[in-house]
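Following are the structures in question.
Next, two complexes with chain A in common: one pairs it with chain B, the other with chain C.
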Partner chain A sequence: MLWVDKYRPKALDQVIVHEDVAQNLKKLVSEQDCPHLLFYGPSGSGKKTLIMALLRQMFGSSSEKVKVENKTWKINAGTRNIDIELTTLSSTHHVEMNPSDAGFQDRYVVQEIIKEMAKNRPIDTKGKKGFKVLVLNEVDKLSREAQHSLRRTMEKYSASCRLILCCNSSSKVTEAIRSRCLNIRINAPREDQIVKVLEFIAKKENLQLPAGFAVRVAEKSNRSLRRAILSFETCRVQQYPFTINQAISPMDWEEYVSEIVSDIMKEQSPKRLFQVRGKLYELLINCIPPEILLKRLLHDLLRKLDAELKHEVCHWAAYYEHRMRLGQKAIFHLEAFIAKFMSIYKAFLIATFG
Partner chain B sequence: MGKRDAVVVLSSDDGGDEGEGEGEGALSSSRSRSKPAAKPHLARSEPRRAKKPRVSGSRSRSSSSRQSSIVDEFQFLEEDFNEVFTGAKVTTGFGRSTAKESWVDKYKPCTFEELAVHKKKVEEVKSWFEERLIISKDNLGDHVLVITGPAGVGKSATIYVVASHLGATLCEWNTPTPTVWKEYVHNSNTGQYVSKLDEFEAFVERTRKYGLISQSSAGESKSSAILLIDDLPMTHGNVARRRLQNCLQLLVQSTHIPTAILITDYGQVDSADREARFLEELHLSLESAGARKIAFNPITSNAIKRILSKICRQEKRNVASEQIDLIAKASGGDIRHAITSLQFFCLKVDWPSFSSSSPTTVYDLHFGRDETISLFHALGKFLHNKRESVSPSGKDPHPMQEKFMRLPFKMDAPEKVLSQAHGQARPIADFLHENVLDFLDEEAVDDASAVLSYLGDADVLLHSFHGAVARNYEAEGVVQSAAASIAVRGVLFGNSHPLPPRWHSIRKPKLWQSEKFSLHNKDEMLRQRFMVYNGVSSIDTSVIATEYMPACKWLQHRLQAHEVMMLSTEIEAGISLDDREVKTSDDEIEEW
Partner chain C sequence: MAPILQSSQPWVEKYRPKQVKDVAHQDEVVRVLTNTLETANCPHMLFYGPPGTGKTTTALAIAHQLFGPELYKSRVLELNASDDRGINVVRTKIKDFAAVAVGSGQRQGGYPCPTYKIIILDEADSMTEDAQNALRRTMETYSKVTRFFFICNYISRIIEPLASRCAKFRFKPLSEEIMTSRILHICKEEGLNLDAEALSTLSTISQGDLRRAITYLQGAARLFGSSITSKDLISVSGVIPQEVVGALLAACKSGNFDLANKEVNNVIADGYPVSQMLSQLFEVVVEADDISDEQKARICKRLGEADKCLVDGADEYLQLLDVASNTMRALCNMPQEFSYET
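And then the complex of A and B:
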């Protein structure tokens, strides 16, 4: 088992990083009145961990006995019947799913499946927790229609069902949903917090951890705890005992992106663009999301750029990122951005060096 | 459903052209009189009921009285029709008897000389059948001949002629005529519906096992029979296609009767159309199962001209050679179409009592096929971006800035070219995107940026209707053509320094393959995402792709079973990537 999973805190009390949030959550649940919750924050900050710990706090260890189900839902949408296949994770008390898996049919998922689930009120002899919890991931990827029907569902079935929503950016969740939930922002952990976690793991694993090294891992992690732990474990495999100046290898796809960037900086021509396209395809085939790709590309480009160009390049990156979301084939827009960059950069080179 | 035997229809009067005889079942009684004599001697198991336009093959035998009344009715209708049809003819002094028939049937080829098909191809088909029929029966492994080609190039006619030449009995599977569902229910008293595919499967099954029983019972010598499968049943969806494919493969592997399968291809192999791709796949699978494939090409316009002028002589029409030329060209290698056009043309000329010399001045045909060009031809036009060398003189009413000025095209409006190529917006955009960089000047990065930006605009437009709540097809059509137009014009405009013309290959978009692979990988990841978080929760695929996978690569020797699985898909993806590279280089299609 990976360290990320092995040392994931199981209960709210064990949480190291967001202790204050965890304590608040504990209080919230102990008063037995749980509102709908919306967790948001950057990736690798511990949203999922907190949600799992919260569920455990509410239902005890039975929330950990989950089964994976791949169900086909038959939905009657007026004139036709639609089959939607969706994988859910469920225990006796909660159900977790990613409604955005259903693609553009996500609104049916929200309308029907959630409705159906919420209707089936769990029978609890003690009459204690008379509700089920529904964990929805990636709410920010839901379409606007789906979010609207989610809102209706929340109002209608709030007696029997609590929703826990989880997303990266709350700005892509409609105002209506946000106001119906208790919003909980999970910040990215600070670097010293990451160092603390790394030291904790090192202690458990009986490793000698030089102080400077943990700091360097934390710096490289871009304030994502998951990344930090994963690369920490990678370093452990590569070289042990640790030295302070040990190389921390970046993710392979990031290396690939910086390769692309140096290609772009070296030569600006349609031919080079074509070579770059081949590399982009390879990254896309390995399911690197195009948005992340573009972001990384920009990040690497900016590091090598002259200050006066930065503003313009950022502008175009934003422009093509927007187009990418509107469009269908990411490669068109990624490539358009690179072409634009090449054109700007070439003009700059000619202006500067003649 | 009983009545399967209606399916093995052995027809004598069916035209040499597939699909054409379908609607004319009722005509057969009046038609057979004027049949050319040299016909292959054929057995009929049933009086062509399956082909009647309104009576499905499932009609029960007991209702023959009703059936005959329908036939009568049809004959009445036909008389009416002929009266209308021949109204003009009578004035020209030709008897009704000649007007009864369309020339396509009347001048159906009966000998090798009359076939317009290229001699080599005919010879090939003939010798194949000779080998199978005369020399030896079971020594040769393959008994199936697949003939492909566009519509109206004489695939069926060749088989008929060859069969009659060899004196072989021709047994034929024809796709039963489709009926309206309500009619079907009305006509069939009992039983449940059997799909055409089921019928076909049953037919193939029987032929494989028992040979052609109906034919042997008709007293023919068993030695020379040819099975002709004209027009495969329509299939829709992957399941049905796989069934058809399996069924045909079985047939290829096990039949002992020389069989000819005719497949009409619609000339759209290069498009993203799934139907066309399926047909291509079908050829390949049949060939790999051991079938011999012969591809027929469109008939040359010279051959068509020869046939047409012969018909003119026989009909004693005076048609100028220019006209024949024009008809032959407009037909695009489809001889059936050419003959029909000729017949219609003769009608038209004689309608007003002009002298027959007048049509020589009329070069404009008001009928005929629209001229089409292949997708690759159109793409070549767009990508090469040929322009006039000088801008038109004269004052431009809308003066433009220097940088927006372009020389005029050396071709029709891009939209017209698009419509001639039947270009769909999506594949056009994909193809342009794949290939356009090769056609840009080595230094012109600005052009590349402009072109790609326009292609991006087209992509955005194409996506805008995706998954819209109320699908508005008309609006979608407009958006589609706007997107195609933007893609094409963007490429033409953006490429402001067109290269001098030179040879270039046009590649198939790599995008399609890469999308396929990335989908596949994504599915794999979706399956694995419950394995992290101790199996208690799920995780985003993007996180798996960007963080877990790279880490797992480093940690492989410490991985437990499920993580090894994750890794194996990674390796697999790497392999398939290499495969892909090989494949695309094979797929490179020459432009001209």
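And then the complex of A and C:
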């Protein structure tokens, strides 16, 4: 088992990083009055962990017995029937899913599933009606229509089910939904918190952990706890006992991006652009999302450039990322960014060195 | 064992005024409408104003006071934006309801019960133009037996022919004193402790929107118990603390790109919503005394563009970084255009 999963806190009491949030959640649930919740924060900050722990707090250990189902819903949408397939993760008390996987038909999924859940409500031993919990991931990727219909179903079935929404950026969730939920911001753990978690794991695993090494792992992790633990485990496999200045290998795609960056810094020509295109394709077919790719490119470029060029380059990165979002094919916009950078950099070189 | 669900009513509903005269801060509107209630004679009406000022409350209160609880169901049709309101609904549902005539006007149980029905169209500005056009004729044909109440935020989105058929009422944003008194009333009823600082924070972050203020209050009460500080309210509302905005602006003033980049990274890692950041940055920039008008214009131009990009779904980090870099160039009087153009 990976350490990431092995040391994932199971209960709200065990949470190390977001202790205050966990305590508040506990209070919230113990009062038996749980509103709809919206968790937002950057990836690797522990939203999912908190949600799972919260479910356990609500329903006890039965929430951990989950089964994965691949369900098909037949939906009658006015004039025609549509079949939608979606993978759900469910226990007796909750259903978890990723409605944005259904693409533009996400609206029907949202409506159908909530309706289905509302139909069969759990009844406890005293004959009282309980409620079920629906966990929706990546709500920020839902279409406008889906968010609107979510708003209505939230009100209509609020007696029988509670929604827990989870997203990266709450600016992409409509105001109507945000105002109906209790918003909970989960910030990325600070570096000293990451160090604390790493030390905790090292103690459990009986490892000798030099203090400086944990700090370095935390620095490299970009404030993502998941990434810190993963790279910590990688280092354990590569070399043990740890030394303070042991190499922490970056992800291979990041190395590849750095290679591209040094390529385009060395030579600005159509030929080089053509070579870089191959590399970009390579990254894309390995499922690196284009916006992450562009951000990484910018990150590496900013480290190498002069201050006056940085403004210009970051402006164009933002510009092309926006265009990429509106357009269809990412490679055009990535290449356009590279070409733009080459032209700026060349002009700068000529003006400075003649 | 599944926990038992208590039926918890949102406080917004719980403390909604039941009578027209209880509606806060809208004196002119209340005066006109009280008169209407006495004579039981009312025109088509159009309520407009910012959210959370009492438009829906007023409309519902009039309907209740005219018909009383018994007749209310048969005489009033409420449609809001979450109901389907395309042109088909206007042609069928609304028209059918409007066409039915009602019995003679006899007072029942102390309510005036006039001889017409009321259709309340909430959030009418989100109706399509076609649907609004289809309403024109319906309004006139059945004006004897039906009155329409339109409720909207922006009167400019209501087509002129509809607006001209209605008596218009503007609802103003609530002043701070009114808001405080309502909030204190709720705090007393719910047994909450709110110090003066928290109270003023609450009225600042809700910006004259009473509904939002009450929602925040309830959220904070659920999460933090009965004594609420201003910090709790800020964390519930999703407003970014002023220090964070200040730090970003200070980094921009320093003229050091890497410093600004670090600040932007912090904002993103802390999970603050960037759209909120932009609007708070905008407020700080516009009100600042040490920034010249030209600099303000340069900054705001880019803020607007970034907001549009965010709506389109662009990446938050890149947009905020670009805003920061542009702000820096404006504040440090660096050239806007790239100087090494080919």
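Points worth noting:
Note that the second predicted complex is superposed on the first by the 349 of 354 C-alpha atoms of A that agree within 3 Å, B and C clash if a C-alpha of one lies under 4 Å from a C-alpha of the other, contacts with A are read in each partner's own complex, and residues count from 1 in each chain.
Operating definition for what follows: contacts are C-beta pairs under 8 Å (C-beta built on N, C-alpha and C of every residue); 3 or more make two chains touch, one makes a residue touch a chain.
This is a predicted model, so every value here is computed, not measured.
After superposition onto chain A, the modelled positions of chain B and chain C are compatible, with room for both. Contact with chain C, but none with chain B, is seen for A:G41 once the two complexes are overlaid on the shared chain. By the touch criterion defined above, A:S343 reaches both chain B and chain C. By the document's definition of touching, neither partner reaches A:A211: not chain B, not chain C. Touch criterion met: A:R185 reaches chain C, while chain B stays clear of it. Once the two complexes are laid on top of each other via chain A, the angle at chain A between chain B and chain C, using C-alpha centres, comes to 100°, given in steps of 10.
Of the two partner chains placed around the shared chain by superposition, chain B is the only one that A:N137 touches, whereas chain C remains out of contact. When both complexes are overlaid on chain A, the residue A:K329 reaches chain B alone and has no touch with chain C.
When the two structures are aligned on their common chain, the gap between the nearest CA atoms of chain B and chain C comes to 8 Å.
On chain A, the surface touched by chain B in one complex and the surface touched by chain C in the other have residues 326, 343, 346-347 in common.
Chain C makes touch with chain A in their complex at residues 1-8, 82, 212, 215, 219, 222-225, 235-238, 256-258, 261, 268-276, 306, 309-310, 312-319, 321-322, 325-326, 328-329, 334, 338-342. Listing the residues of chain B that touch chain A in their complex gives 429-430, 433, 437-438, 440-449, 451-453, 455-457, 459-460, 462-464, 466-467, 469, 510-511, 514, 517-518, 521-522, 525-526, 530, 532-555, 557-558, 560, 563, 570, 573, 577. Across the complex, chain C is touched by residues 24, 27-29, 31-35, 40-42, 45, 58-60, 93, 122, 124-126, 128-131, 148, 151-152, 155, 159, 169-172, 178-179, 182-183, 185-188, 223, 291, 294-295, 298, 302, 307-308, 310-312, 314-315, 317-319, 321-322, 325-326, 343-344, 346-348, 350-351 of chain A. Across the complex, chain A meets chain B through its residues 1-2, 4-5, 8, 43-44, 48, 51-52, 64, 66, 68, 87, 89, 96-98, 101, 103-105, 135, 137-138, 143, 145, 224, 226-227, 230-231, 233-234, 237-238, 249, 251-253, 268-271, 273-274, 277-278, 281-282, 284-289, 292, 320, 323, 326-329, 331-333, 335-336, 339-340, 342-343, 346-347.
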